[in-house]
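Each in structure tokens, the structures are laid out below.
The two complexes that follow have chain A in common; it is paired with chain B in the first and with chain C in the second.
After this line comes the complex of A and B, so read on.
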């Protein structure tokens, strides 16, 4: 008599159990990963849903999907490296790791490379959004792309003072694959912008993007790919005649004299470093400006009141902090040559301006000699006691 | 006993299910997905044509002969909106001499005539270019004085050197994000910069030392571009006649995509004004067209 009753109960229990299991396993294997459109950009440029489908389709044709990347020969990218970096994370019987990007990078930089992975919001600074093709720490002229070597060094060294760790322990094959994948996500993002711009600025009323299939490669992709291929020619090489010898070989008096000159420049009106880095170089001079990424988000918020950028997937904008130069932590590297390049070209995507020549051959704001003086002063700052400084700061007091 | 354990287990599972399904939710905004079938077809096309030059493209427009001139006036409908004072947070002795309020340049309307200044009108595509609109190599001066750019919207042709002047006794950094250009210009010094390519819309020039500083630079491949003066008037001379021309209208404070100026007035409708702020016109040879355009406050963000 109790038997059927009990079996109903058992059945009910089983159903709940199965539902529970199904729900739990569902989290792990949801739909295949896909790239997302930059909805802040699409909304800002007034790109309709119909054009968005066209743009997503063209991007898939040209770059594939996160599980199956594809590249046209014009990109110069190596599909074998991309295959190693793409797709879900797993290891084969020989111990070769696959899906490197999703294993190591996507949680911060996002599957699309938008710098808005699940952990991004908790990090300061935010992870790099690759889609603009703008990188801060590189050896090249300001507007140029980084070289493969630059990206490799970022992966090997990490970025001190940020959440970007070092991947030095990984075999170079894996690092090279990831470098290639970062370039790939960058080019894909730049192509997305190029297509959005094409819709916004070039298309006539009611015209379809597919009518212009002949321009995707020659007019839109090629200039992007050339920027990456030409990065090597844009590396900043200081004149070896003017470069000081290695630090341990330097005459202490000459070094002290150079530091003194650098200090004059730092606080003077010519190089004007104290405007942002502050009168004590603690990075507290200008604290209300943004980098290009946050600026774009802020601008969007100012121009649109129907929807917020955060609702469209952007991270809340933040003010950018000029570096505290007394910590001895230099994100782009602490070798004299690294500091020289930061000064020569400024830092792309940030308010840090260039003081070297704007174009090769032109006259810079300061001379290469003076850049080396500034390098010496900046590298001396971590060893320089702020408590002793005010007595020396006569030229600062004059200005304040 | 057995039952209550089961019930507890069932409840726990249900709770887990609920928690798990909540945890699954990603807060990504909805966006459009690719049409994979079309993507495959397109890839085949791109693979086959990526080495071959040319392609279909848009049909060539019929060309006319001779030249014509377009003039016009943009007039604000209603009372001129008030300019807002800028908060000068630095070096007031240089940036706000005399201590008076410095007003912004976001939307400049002439109180007498209602003319709107700094509206940009340009020809989107030129089938041919008259000698007078050919790119020049003459230097363009772009100055900064009292922590303001002396020209608010500067047009030029690609290839013209831009002399960035600083006439202030303090340093500025001219930053043109679009070109990744950001160069320090010390007090009373200058430097020359050549914008590398044509811009589709005016691009901003800022200074991070004085964050209120804002102007626009607009390098074009030809000279078919004009900015309205304080009286709201513009003139573009020697445009191709006898063929349909498409003009784009822009104002930094306009509400359209990319700040295109969108007009809905009867005279704008006659010109086929679009939701991106473009209009069409065919001019006869030697014609001197003159457009009178009234702009309601609703076309601007500030009204």
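After this line comes the complex of A and C, so read on.
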């Protein structure tokens, strides 16, 4: 009498147990990762659904998929490095890690490199969107691409003051693979924009993109690849004659004089630093401007009322925060040469302007001498008497 | 069937003890100790392990014996219930209390050594935990932190071996725990508080720094490395870092710095 009842109960228990185990083991593989188009851009440029499909197809033919990247020789990219960085994360028997981008980067920077991964919304500043090929912290002239060395240093040092951590302890093979992959995603994004522009401006009514195969490699991809290949020639090298000696060998009086000059420039009308960084350099001067990424989103929202950019996958725009120079945190590096380059070329994609000459030989807003004065002033700010006021330190409780 | 349950309960102490006996052979034991004070920490660990292990085995064997001896299929007599035994209660209250009191007194010196007797020396470095990395700062030639000649680094802590080292440990955002398994150092880090750890390493080599307090989704990757090296090597390394940070023109050898 009780026997059948007991066995049904046991059977039911077994089914629940098996279902639970299946859920735990992640039974059933998820769909392969895919790149997606920049829908804000596509909508903004009025690219029809049919052309969107064509653009996506061409991009896939030129760059492959997240699991199987492909590159044309014109890009100058190393497919072996890309293979190590792409695909799902796994480790082989020798302990070599594969799928590095998805293991370390994709949750913030997104599979497509759009800077809108799952964690992006919680971060301020937002993770970099690579697709415009614009990078903030680099050694090159404002509009130029970063060098491989610049990207490698960002990975090695991290970006203090942001959510970008350091990957210093990772083997250089892994870092090089990731640098290559960032360049690849960037070129892919730039190519997407170039194709959208081509459809918008050059393509005749009803024409198909596919008949222009030679055009989009020679005329669209090549300039993008050249921009990356030529980055080395765009590195800012300050004139060694004008550069002060290493800081530890400076004559204290000369340094103090230089800091005083830098201070004057900071408050002067030429460099006009205080307008954004504020009269106390606490970064509270201008608080209503945006970087290029947020500007584009704002612009879109202003021009379209059918759909919001957030619905199309963009992050809500944010006002940029000028750096508080008294924190002693320097995102793009704290060496004098880093600060020099930041001042010389400004920060690409942000309202931070260049004070150095736009092209070699031209005259900048301020002279190289004066840039060095500003470097000295900026580097002195975190240790300035105002910064070190005891009031700021009073809430640091010392144990023992 | 009648003895299965008691045998199952006997399996608990058997497997429990076997795990501990086998663990060292599978390299699942304490990480190699490279510190001067670590012996004391390990001794306390082993002492408490033996003590609790002894009680654990005793309790489990008693449970097994009762289940075996008073199995209902062989014991047809109804169970006899008893209520309260003043002397028994006294024994099982006083005995654990005495053991706890003993441990509390016995570990005092180790606790004082690692938490209270801070050596009267200048900090060698400052470690700041941050989601998800360890930011490092060394005093420059002036020997004082928070001045313009500080040396900045990340995740890659270098320290001299064979001498007392004092570290300042802070957090920039949330709770972290600065854990040096091979040096038997673990210190929770609380934002807004400045903590100190000190130790004397007695072996050179590279060892892990890990975060031992769940600090966010990237907690598991908050890993650093401590390189213990001779005083000369350490000084040379620090001088090189210092030079790189002070130079006004790009150094050609920055890549492996």
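Keep in mind that, in the parts below, the second predicted complex is superposed on the first by the 358 of 400 C-alpha atoms of A that agree within 3 Å, B and C clash if a C-alpha of one lies under 4 Å from a C-alpha of the other, contacts with A are read in each partner's own complex, and residues count from 1 in each chain.
Definition applied: contacts are C-beta pairs under 8 Å (C-beta built on N, C-alpha and C of every residue); 3 or more make two chains touch, one makes a residue touch a chain.
All values derive from a computational prediction rather than experimental measurement.
Enquirer: Quick check on the superposed pair: does A:245 touch chain B, chain C, both, or neither? Answer first, second, both or neither.
Expert: After superposing on A, A:245 lies in contact with chain C but is clear of chain B.
Enquirer: Just checking: does A:335 make contact with chain B only, chain C only, both, or neither of them? Give me first, second, both or neither.
Expert: second
Enquirer: Could you tell me if A:215 is touching chain B, chain C, both of them or neither one (first, second, both, neither)?
Expert: Touch status of A:215: first partner only.
Enquirer: If you count the residues of chain A that each partner touches, which comes out higher, chain B or chain C?
Expert: After superposition, B is the partner touching more of chain A.
Enquirer: Which partner does A:282 contact after superposing on A: first (chain B), second (chain C), both, neither?
Expert: Touch status of A:282: no partner.
Enquirer: After superposition on the shared chain, which partner residues are touched by A:292: those of chain B (first), chain C (second), both, or neither?
Expert: So A:292 only meets chain B here.
Enquirer: Contacts for A:353 in the overlay, against chain B (first) and chain C (second): which applies, first, second, both or neither?
Expert: first
Enquirer: Under the definition above, what is the set of chain A residues touching chain B in their complex?
Expert: Within the complex, chain A contacts chain B at residues 9, 12-13, 16-17, 19-20, 23-24, 26-27, 30, 34, 36-37, 39, 42, 44-46, 49, 52-53, 55-62, 70, 72-74, 134, 142-143, 197, 200-202, 204-205, 207, 210-218, 269-272, 275-276, 286, 288-289, 292, 295, 303, 311-313, 346, 348-349, 351-355, 358-359, 362-363, 365.
Enquirer: Can you tell me which positions in chain B touch chain A when the two form their complex?
Expert: 3, 6, 9-10, 13-14, 16-17, 20-21, 23-24, 28-29, 31-36, 38-43, 45-47, 49-50, 53-58, 170-171, 173, 175, 177, 179-187, 189, 191-194, 196, 200-201, 208-209, 211, 246, 256-258, 274-276, 278, 301
Enquirer: Which residues of chain C touch chain A once you look at their complex with the stated criterion?
Expert: 116, 118, 130-133, 135, 140-141, 146-149, 152, 154-156, 192-196, 217-218, 221, 223-225, 242-250, 255
Enquirer: Could you list, by residue number, the parts of chain A that touch chain C in their complex?
Expert: Interface residues on chain A, with respect to chain C: 104, 107, 119, 139, 149, 157-158, 160, 163, 165-166, 168-169, 237-238, 240, 243-249, 334-337, 340, 372, 379-380, 382-383, 388, 395-400.
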